[in-house]
Every structure is written in structure tokens, then in C-alpha cells.
Amino acid sequence: MTRFLLRRLLQSGIVLLGVTLVVFLLLQLVPGDPVRVALGTRFDPETYEALRSRAGLDQPLPVQYASYVGQALTGDLGVSFRSGRPVTAIVLERLPATLSLAITAVVFALLVAFPLGVLSALRSGSVFDHAARVFSQFGVSVPDFWMGIMGILLFAGVLGWFPPSGYVALTEDPVGWASHVFLPAVTIGLVTASILTRFIRSSVLEVLAEDYVRTAEAKGLPTRVVVVRHVLRNALIPVVTVVAVQLASLLGGVIVIEVLFAWPGVGRLTYDAVQARDYPVLQGAILLVAALFLLVNLLVDLLYARLDPRIRVR
Amino acid sequence: MTDETVLSVADLTVTIGTRRGAARAVAGVDWSVRAGQTLALVGESGSGKSMSVLAATGLAPRAARVTGDVRLLGTDLAALSAARRRRMRGRHVGFVFQDPMTSLNPVLTVGRQIGEASEVHLGLTRRAARARAIEMLELVGIPSAADRVDAYPHQLSGGMRQRAVIAMALVCEPDLLIADEPTTALDVTTQAQIVELVADLQRRLGTAVVWISHDLGVVAGLADTVAVMYGGRIVEQGAVDAVFAEPAHPYTAALLAARPDPDANVTELVTIPGTPPSPLELPEGCAFWPRCSVRGDSRCERELPPLVPVSAGHQVRTFYPRQPTGEDR
Amino acid sequence: MSSKRFRGAGVALALTFGLLAGCSAGEGVAVDGGQTGAGGILTAAISGEPDQLDPHHTSAYPSFQVLENVYDTLVEPDANLAMKPALATEWTTSDDQLTWTFTIREEVTFSDGSPLTAEDVVYSYNRIIDEELNAAYRFATVESVTAPDPGTVVVQLTAPTPNLLASLGGFKGMAIVKKSNVESGAAKTEPIGSGPFAVSSYRAGDSTKLVRNDNYWGTKPKLDGVTFTFVQDPTVALQNLRGGEVQWTDNLPPQQVSALRADDDLVVRSAASSDYWYLALNQARKPYDDVNVRRAIAFALDRAAITKAAKFGLATVNQTAIPKDSAYYYDYTPYQQDLAQAKKLLAEAGGTDLTMDLMVTNEYPETVTAAQVIAAQLKEIGITVKIRTLDFAQWLDEQGKGNFDSFMLGWLGNIDPDEFYYAQHHSAGTFNFHGYRNPAVDNLLDQARTETDQAARKQQYEQAAKQIVDDASYLYLYNPDVVQGWSPQVSGYEVRADRAIRFRDVDLAQ
Amino acid sequence: MSGNGDSTSRRALVALGRDPLAVTGGVVLVLLVVAGLAGSWLAPAGINEVNVDRMLQPPSWAHPFGTDEIGRDVLSRVLVAARVSLEVGAVSVGIALLVGVTLGLFAGYYQGWLDNILMRCMDVLFAFPVLLLAVAIVAVLGPGLRTAMVAIGVVYTPIFARVTRAGVLSVREQVFVRAAVATGASDLRIMRRHVLPNIAAPLIVQTSLSLAFAILSEAALSFLGLGVPPPEPAWGRMLYDGRGFVTEAWWLGFFPGAAIFLTVLAFNLVGDALRDVLDPRQLTVSEARRHAG
């Protein structure tokens, strides 16, 4: 277990280092000089040099990279070209909005996908199963932003049940938050739900074909016990991973949905940074997202080990 | 030991709907097993031997359509509700399946898996079920059972797991134990131990056993009666001694000949040419005809031979029963 | 980075006040007169988000929307855009026009209670000059700023600058800041000014909240506070306004404005802005160096159609830069769409099968929309337009390098004719990226710059404008309207032609 | 094993023909390709026929999908935009396929340090949510059709690398590969003749599903204004342009979105059916990662 943990930690560390390299190199790939671009027309040599050296761009590349990583380790991701504020603070400010949206969406997705996936597997071939498969096929194929637009049209425009966009902090006004989070969360949630439904269905189907399920049935256990204790306990182990991966990528900010619903999360921040060519912010946001992603994956592996006794000892 | 029939099956037919049409896995099979007795069902894979047992006990896949008369301890199972059938099965029938590696749930301790049937059917508390599990583990000869009860399946060796599975099957002291090729996945030494264990437990508990196998060697020392199946039908059945001494069906004879002889060179295995028929495309006549060494006449190809008695309690399904020469065995 | 060009309000001259007729009836003064209203907090939906709140550093219009209510300048434009006293109560000019002496208002404090003195003015101006911040160009003729005593600021000039007041008071980029607030870096998020409101919270991506500054030197605001929320989507802003979540917005869906004007549940008002949008052709490149090619293109355009597509009619077609309401408006419309004339000119110039690159930017979606209409129109005279849509930063970069055949953009907030013409069309102009060179125009613009006689100045600018239009240096398209809407609860608000959003006199009926 | 591919594809085709969903998907795809090839020819009006006198008209006989904010015929633009979607999808998946398969082949075949380095690199790319990475790449290279293709290609490369590598690892140990090694065939020859044909099935499935996701990604990029620039019609871009008008002109949002949906659905249906036939147990990595982020 400890070895497993150490190996996974080391692996994640290496990947994270790679991520910083990619993020760092992104800036180098910008055609022309990012500082020059950042300055726009207001170009004068002195400001230019000042900004360059403030960004450390007058150093050789390896030195720049080393200091970038070094500073990143201490939580310093540089300052925004646009506002001059520390990137770390800017990015962290956006996290609660993204977090609350992502978690709501995943909870919603699970509420839909779990019964749908499990039941359609247990009744595979039935009308219900076909309906669930149609649902998930639609959900996987529908562009989420289109569904979002249609949702705004229907629920905000025609019916007027929910505000079409905007954000209220959960801590300030839970009811306002709930009414604002509904449309974006459902939009993302439905797409996530269809992915999960498929996955849960196939995972349950796979377990249903296992010998130990037949053994359990042979013991004359009630169906409920067979399904819950023997089928689901096994089938849901891989599902946990997929749910976590979904959550992790949602934490990265669902760019289009956040933009569409004016949700001030990490995704919107990334988009705004791209629009404003604010590379330090873009770098920081991407780095944070990738780090979060890796962290969640690491946690999932550990959780996996808790859930599956076969891994525990290894 | 009584003469009571524990499980009897009459005219059992199993049809499985597939995308490519209906497959007749079992076609009109009759057999029964009495308390304390062992019935061996023998045949190649796909012959319908497992399916007939699973179908009889209500474990056939959902796509299967089962007809026929099945009586467990005199009760017509078909007349029962699904839930009552399940309870009957769990209480009175124990199962041991082929692969101990896959027939245990990897995320539950063996103790829990052994005990849970006794919770459901005997109404034991979880704690009592655990004690019962330890008892059962001891019964099947697992050392330091009190520790092993909390082990996960992957922490046990193959032989130990199969012992645990047997313990699981016997936890409610069933009247019938169904062993579906329980030794196939094990090495030879362990095989012998498991066979010995089941025989021993049967003696002690008076359980009836249905032993499904493709290995006639195992069956010989174990069974009272044997039924040889091919293409979903019984082709020969009778007392084990009679059938082994004088196989009347060419298939039985071939199976006996294909048996690895411990004394002979292992590389010279005799095999039956050809492959068993697909349940989707069963021939009109004798299912064994395409592979048969006898192939008496064209009647074999067109007409299904009836099951005819050869001697008392010994029946065979062929137009050309082998003459009892005793040469082959 | 672009403030100079986009946010620079120009010289304050007595422009004709640009409110449309509809506004003058009953607007401006609360019905219940001077009675102190219920106060409350007004929520205003603005389309963009402040990048930061340091007035000297920011270049974003949303920042100035907020800062308008937080900071003061020495002088400020009134409703007619004439400069009136603010932090300075009065000022004198030396005979040689080179020394300006300002008297600073007494007992003005910042919102934290500390006094604002002449030293703060000197600090603020020198910060802009020394650090070459966005507004530094406004001090181009300033030699020094000094404070002989806490109540006096002296500005020494190198040349007569008739529009100095407009430079100092035209927008909040010239705000008087507090040294300690700036130097601690706090000004970016928690700026301390002397205006009617103070920032109480700034949450990026979400909202900025202001509370009433009880130390304010002027008439105390009636509102307890103002919350600025950012709503990018105009239909959403409208919905929020109708739903009562916000009480004011400048982000109404343009295509709905004419219908909304008739809506009793909302107040929608507009004013002609001094912004203008134009098409520029790169005269450093062939064949656009040929005036006939440029004129051919000018004749091919249907400005009304472009305006309708880009602004849904919320703009006035114009062929010169300065809007109709301005005292400097020059009525000159030589180019009515005339395809035959356009083709003839093009043929004379030998231009056939021309492919023209047109650079536009997502930052201003109307340029993207208009470009598609322009492309369709130029197709009629055989010019294939390749539209190139860029990020604004990239756009500026390309413009700076002269990498374009043509581009479309606007100038926002110019007031003085010098701001309309000099930088753009003088051969030494800083924004003359399209390479226009005409010595006669240079001469006129130079003269007009220091001409103190108003009539003569107007005439010089008219001559310059005529030449610029004839040469098709810029192909002027339209002057957009400033359109804002609010709830009938709101009283005391006026739409301003300079787009400044002032909530100091606003009241909110509960 | 050379006969394998032939019978596999025949088997696949027959099985697909029996699957009504796959047939539906296939028909939609054929229609799309027709629209892509002959869109401008089929279109009732020019795609850039601006007419400010018929702005934002609802669907009618003259304009079945209505007109947009500058009076262009939406139906014509939706038709012509099929080409862009298919082109971006094909080119970007082509890039991902080429690079990913090459990397996966080498990693899986040689294993050892090369494998380690290559796959760690893929892990790094995998650590970013799909759309975020694409947006970042576009931000760096500047928006446009070509950068969108490159960005989407890069994003989907690791999936192909992983699928390929997994296939190679299992095929490598099989007798015929070892036999080929024993006969002294060159590595490249073995990879081409023996390994590749045997991992074709998962790759075909992955390609088909990736096409769906690539088209979705392009639409998302265009919807953010980072994909195909105007005036060229692209479905995502049309949604982006029409965003401000959806409440009063639903057709601006509805039709281009429906076109994206149908296209993606068609590719998914065909891909799923292919998977059922060719590679029933394949875990579609892209599916779990579909969340464009």
C-alpha cells in the first residue's frame, strides 16, 4: 500500500512537472513577444523593459523555467498583465463558483444516472433499457452550449422560472444561488449523466455476468441483496473513478457553460484571459486546473484502494 | 439414508433466444437424484449438462425458456412464485461452481459470503452467521478458520477458495449439493482433495449430490449413477459401474477412450474428431452422427434414436448399441 | 494598453448637449424634488468587468464606470461637457497662457477620512507623468506640477494649451489618488478616492460594491450604495432589469431598443455619443495609395445599411467624424452610394479583381458584423474582401506594424476636434497607421491646435475635415448612440454623451 | 493474419447493416458528406448575401430556417457549414491518428524508457481538460481554422496513443509476432505487417467516436469565437453570433445547434455500432473524457 502510494505520488509529481513545462512553453510559443502584445499600442522601450524584467523574460529560458517552477511551488504564479494582481489570488477567487457548479452538476448527474444505469442494466433489453440508451446517446451527442441556449430559451425566456444567467454566492444567498445554478448545473449534469449512465450500465452488466453473482443467486439471496451487496458493490468501484474524473474536469471549469451562463468560475477566467491575452493568468489557471485534475486522480486511486481489497495489499 | 428423491427432472427443455434464433440447449431430459446418492452428469462443454441443472433450480439465464417438470423434495418448483422458489433453492440446494477464483465476490470477506445464506434462510444474526462460517470453514478443513473467516478471497489459494465455496454451499445443510465441475480449475493434487472432501461430507451429512463433469475419471470413483449428455440430450444413463463397464453408446465409449490413462504416455491423448454441434444448428437425426465412428445407416442422419434400455436401469439413445464385449474397458 | 485611443475624453468645449429630445421631458430631477428619498442600494448591470480599480492603470471602460463614482478630478465636465469646478474651486491663467494656478477645495477628505491637499494632486499628476501611465500624453505640454501651499497647485506649461481643463477633467484616468493607497498596491482592489461613493468590495467575475462616502465634499448621495454586476449578455441584462434584480443597465439588446422605448415598465433613454466608427485603408500599400481607389470604395458603401446591421439603427450615419450635436459638426456628405461612379473610379485607377484584407476584432463585435456587410457591398464593384478577425491585442499589434489593407474601428470619447483629427490624420500623428500624408492638412491641424479664436479654429477644422474626407483618409461611417435603461423607481439619472455614469444624484423609490 | 482485416470488415458491414441505429447514423453521415461537398450548390441562397431589409426573419417558405441578424439565409449557411465541420473533424482526427498511432506503436513495441517517456508525455497532455487545452493552444497560436485543427488534433492524440499502445502490448506477445521476430523481419516491417492490422479494430472504433468529439470541440471553439472566423459559416460560430438574439429569434440558435447535434449523434451511433461489432470490450477513453471542460 505504501509503495503503491509512493509510486502514484511520484508519478503524479512527474506528470505535474511536465504540466508546468507545457504551461511554461505555451508562453514561449506565442508568436511575437507576449509583453509586446500585452502592451498593445502603448509601446515604449522603458515600460517594455520594465515589464519584461518584472516577468523575468530577460533571463535565459532554463533559468526562467526553474524560477517559474520554484515560485509556483511557493504559490506564486506571477502577476496579471491586465490587472497587476497576483495570479494565485485571481484564480483562487474563481474556485468557489466553479466548485459549487461542478459539485451540483455531478450530484444532479448521479441522481439521474445511477437509477437509470443500474435499472437499465438489470433490465437489459427491456423498453426501459432502450429508453435509457437513447437518453444517454442523445446526452453524449448534444452540444452542451446548445442545450444551454435552448434551456435559457425555455426556462428563462418562455416559462420564466429561472434567471437566464448570472451568479450569486452560495454563502450570501442560498436561494438566489440555487435559482442561478439550476440551468447551468442541469445543462452540464445532463451531459455528465448520460456519460455516467452508459458507464454504470456497462459496469453493472459486466458484473452481472460474473460467476460470483450467480453464486449469490444460487445461495437464494433476495434479489435486493444480490444487487446491492454483490452487484453494485463491485460495479460501482470503476464508476467512482469515472465520477471523479468527470468532477475533476468540471473543476477545470466548463468553459462554454460558464461563458454562456456568465458564471464567474475558472472556465470564464480562462476565457477572459485568452480574450485579453493575459498570459500569466492563463498559465496560472491552466496549471491550477491540471494540478487539481492530477490531485483528484490521485485521490481516486487511493479511494479505489479503499474500495477494492485486491489493491489494498499490493 | 432414505430412498427419498431429492430432485427430479422430467422432460426438461431449455430454449435460449439469441439474436440468431432460438437455441435448444436442453431437449427433453429426465433424471433424478436421491438422498445420499450421487448423480454424475457427463458431457463435453455445450452438451447441456450444466444448463439442465441451472434451469432446474431456477438459475437459467433470463433469455432462457424452461419447460418440464421439476420437483425438489416433492415440491413442483414451477408452481412456486419466484421468491419461494428462490428460498427453496437457497435452503435446500447448495452450489459449487467451476472456478473458485471467480465464484467468490472479491470485495466481501469469505466469512461474510459463507454466512449470508444462513442469515437469510436460517434467520441467524450476523454474529451467529459468522460463528457458523468459522464452523463451516473448520468442517471443510481450512486451518485457523477463525482468522481466515475475515480474509478476502484473493488472500486464499485456489484449493482453499474451493473449500470455502463448498463451505458456503453447505452452510444451510442442504439436501442437495450441485457441484458444477468443481475441480476443473484446480491442480491434480487439490482435485483429489476436493473430491475426497465432498465424498466425506456427503457421507457425514447424507446430502444428495449432482456432480457435473466432463472428466469420466473423476466421476468413476464418486457417482452412483451417471448420465451422459450430448447435444442437449441424454445419450446414455445408468448405474456408474454398468455404464463404465459396458458403454452402449459410441459417444460414451469414445469419451472413455479419450480419458487420459495415468499409465500411458500423456502425449498420446486419444481425441474424438470433430466438434460438438452448436445448439443453434442441431442435426435432424442423431446429434452425434457427424462424429460417430459407427454411423450405421442414413436413419441415424434423419431420425432421432429413442432412449432404449440395454439392461436394468441402463438406457441408451442409439440405433446401434455397442455389444457388451468389455473390450474397451 | 489602449486607453489612449479608446478612453481618452478630449478637450472640453462647449459642445451642444447631446440628449435626445425624449430625455428632456421630466428627466433629471426627481419628481419629489429635494426630498431625501428612501436611499437603498442600486444595482447596476454593466456589460464588462473592471480589470482593476487603479484609475491611472486601468484602461477598461467598466473600470471607469465604477471609478466615475469613486474618484474626483480637479475639474469635471457638466451635462453639456463644459468643465466646471470639482476639487479645484477656481483657477487663473497667466497672460502668456503658460502658468495655470488652481485653488484646491478646502476640507476635502478621502473616503478614509484623511485630508486631500495640493500635495495629493502633485503626487497623482507626477505619478502619471513619471511612470508614463496611460494618460501621460495629456500632460504633453506640461513642464511641471507644483504645490506652493496645501491649497494651491501650479501647472507650468511649455506651450499654450487651450484645452488643458479638458485634459485634466475629461475622465477619471486623471483622478486624484492617495499616495499610501497606491504604494501599498491596495488601489487595484480597494481604491480610496474622494468621490461620492467608496468601494466596499471587489469580487472579480462577480460584482463590485460601493457604499456612500459620508465624508464626500459635495451634496451627500441619497443612495446607500451602488452594486455593479457584470452581465455580458444584453438579453440577460434586460431580463434582470425587468425582474427587478437590477435597476439600471447600459447593456440593452440593441435590436429591442425601439420596442423598449414604448414600454412603460422601463425607462430607456439615449444620447448621441461623440464616438465615431470608420474604415481605414492602408495608404502605404498599393493600390490604396491611389485616392481614386479609396474614393471608389467610399462610393460603394451604403452607410445606412452598415449602420442598420451594426447598430440596429442606434446610430447616426455620418461622413465626417464629429457628430451632429457638436459645435464643430461639419455638414459634408459627398459620398452617397453610387456603384457606377465607384466602378468608374476603380477602372480609372486600373484596379480590377481586387482582393482586400479587412482587419476587425472580436473585442468590438460591431466591426465584425459591419465588415460582413461591407464585404457584401464591395463585392458589387468587384472587390473581394477577406475579413480577418483578431483578438484586440493582436489587432493592435498588426495595426502598429502596418500589416493590413484596411481595418475598421471606432474612436470613443473624443470631444475636442484636435482629438478627432490630429493623431489620426497629421503625418506625424501617433495613430496615423494608415499612412495618410497631406501637407495642407498637417498645416491646418497644427494651426488649429493653438488657435485661441473659436471661430477661426472652427473654420480651420472644417477645411481640414473637408480635405480628409475628399482624400478618403478615413471612410467615416456613423456616430453611435449611448443607450441606457433603468427602472421607473430610479430618479435623478441622466444619460451623458461622454458615457460617464454618475449615481451621485440618483434616488431609488422603494 | 492478413485475411483477418478483410473478413473483419465484411463482418462489420453485415452487422452494421442489421443495426437500425447504425444505418440511421450512416444515412445522416452520407447526407452530411453530400452537404459538405455540394453545400454551396444546394444552398437556396448565397451564404454571404447580406440584406439589412430582411434581418431576423422567422422561418418562411422563402427562408425555411429564417434569416440571421444581417439578413442572410440561415438554411444556406447551415448547409455550407457542414463542410467546415467535416473538414475540421477529419483533419484534426487525422493528425491525432497519425501522431498518436505512431507514438503508441513505438512505445508499445519497444517498451522500456522510450515507452516511459512517450507515455508520460501523453499523461501530461491527458492532465488537461480537453477544451481547456484546445483553448490554450488556440490562444497561443491565434484563432482560426488551421489552429483549431491543430489544437483539437493535439488534444486527441493521447487517446490514440493509449489505445494503440494497449493493442500493441497484447499483440506483441502473440505467436505470429514472435515468429516474425524469429524470422528476422525488421521492426518496422513487423509493426506494419503484423501489429497494425491486428489493432485496426479498436482504432477504427476510436476514430469514428473521435470524429464526433472533434466536431463537438470545433463547435465549442467556434462558439467561443476562437474557431472558424467570419464570414465563413460554421455551426458553432453561427450560435456565437446568434447568442444575443436567441430570445427573439430562436431559429438562429436552434438550427445550427441541431445540425451539430445530428452530426455528432450520427458519428456516435456509427462508432458505437462499430464498437459492438469490432471491439465489444473496448473502454472508450474519450467517452469518459468527453466533458469538453
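Just a few scattered comments:
Order as written gives the chain letters A, B, C and D; numbering starts at 1 within each chain.
Assume contacts are C-beta pairs under 8 Å (C-beta built on N, C-alpha and C of every residue); 3 or more make two chains touch, one makes a residue touch a chain.
Every value quoted in this text rests on a predicted model; they were computed, and no experiment measured them.
A summary of chain positions shows that the Cα centroid lying nearest the centre of all protein Cα atoms is that of chain A. With centres defined by CA atoms alone, the chain at the far end from chain A is B. More contacting C-beta pairs link the chains of A-D than the other of the two pairs C-D and A-D. Averaged Cα coordinates give chain C a centre that lies 45 Å from the centre of chain D.
With centres set at the average Cα position, the gap from chain B to chain C is 91 Å.
Here the spacing of chain A and chain D, counted between their Cα centres, is 22 Å.
Chain D has its Cα centroid 51 Å from the Cα centroid of chain B.
Shown for chain D are the residues in touch with two or more other chains, namely 142, 243, 246-247.
Within chain A, the positions touching two or more other chains are listed as 274, 277.
The residues of chain C that reach two or more other chains are 233, 235, 362, 391, 394, listed in rising order. Checking each pair of chains for touch leaves A-B, A-C, A-D, C-D.
Listed in rising order, the residues of chain A touching chain C in the complex are 32, 36-44, 46-47, 82-85, 90, 93-94, 97, 156, 163-167, 169, 262, 264-265, 268-269, 272, 274-277. Considering their complex, residues 11, 14-16, 18-19, 21-22, 26-27, 29-31, 137-138, 140-146, 149-150, 152-153, 157, 188, 191-192, 195, 198-199, 242, 245-246, 249-250, 252-256, 259-260, 267, 270-271, 273-274, 277, 282, 286, 289-290, 293-294 of chain A touch chain D.
Looking at the complex, you find that chain D touches chain C at residues 48-50, 52, 55-56, 69-71, 142-143, 225, 229-231, 243-248. Of all residues in chain B, only 57, 59, 83, 86-91, 93-95, 97-99, 102-108, 113, 116-117, 120-121, 152, 154-155, 165, 168 touch chain A in the complex they form. Touching chain B in their complex are the following residues of chain A: 210-212, 214-223, 225, 229-230, 233-234, 237, 307-310, 313.
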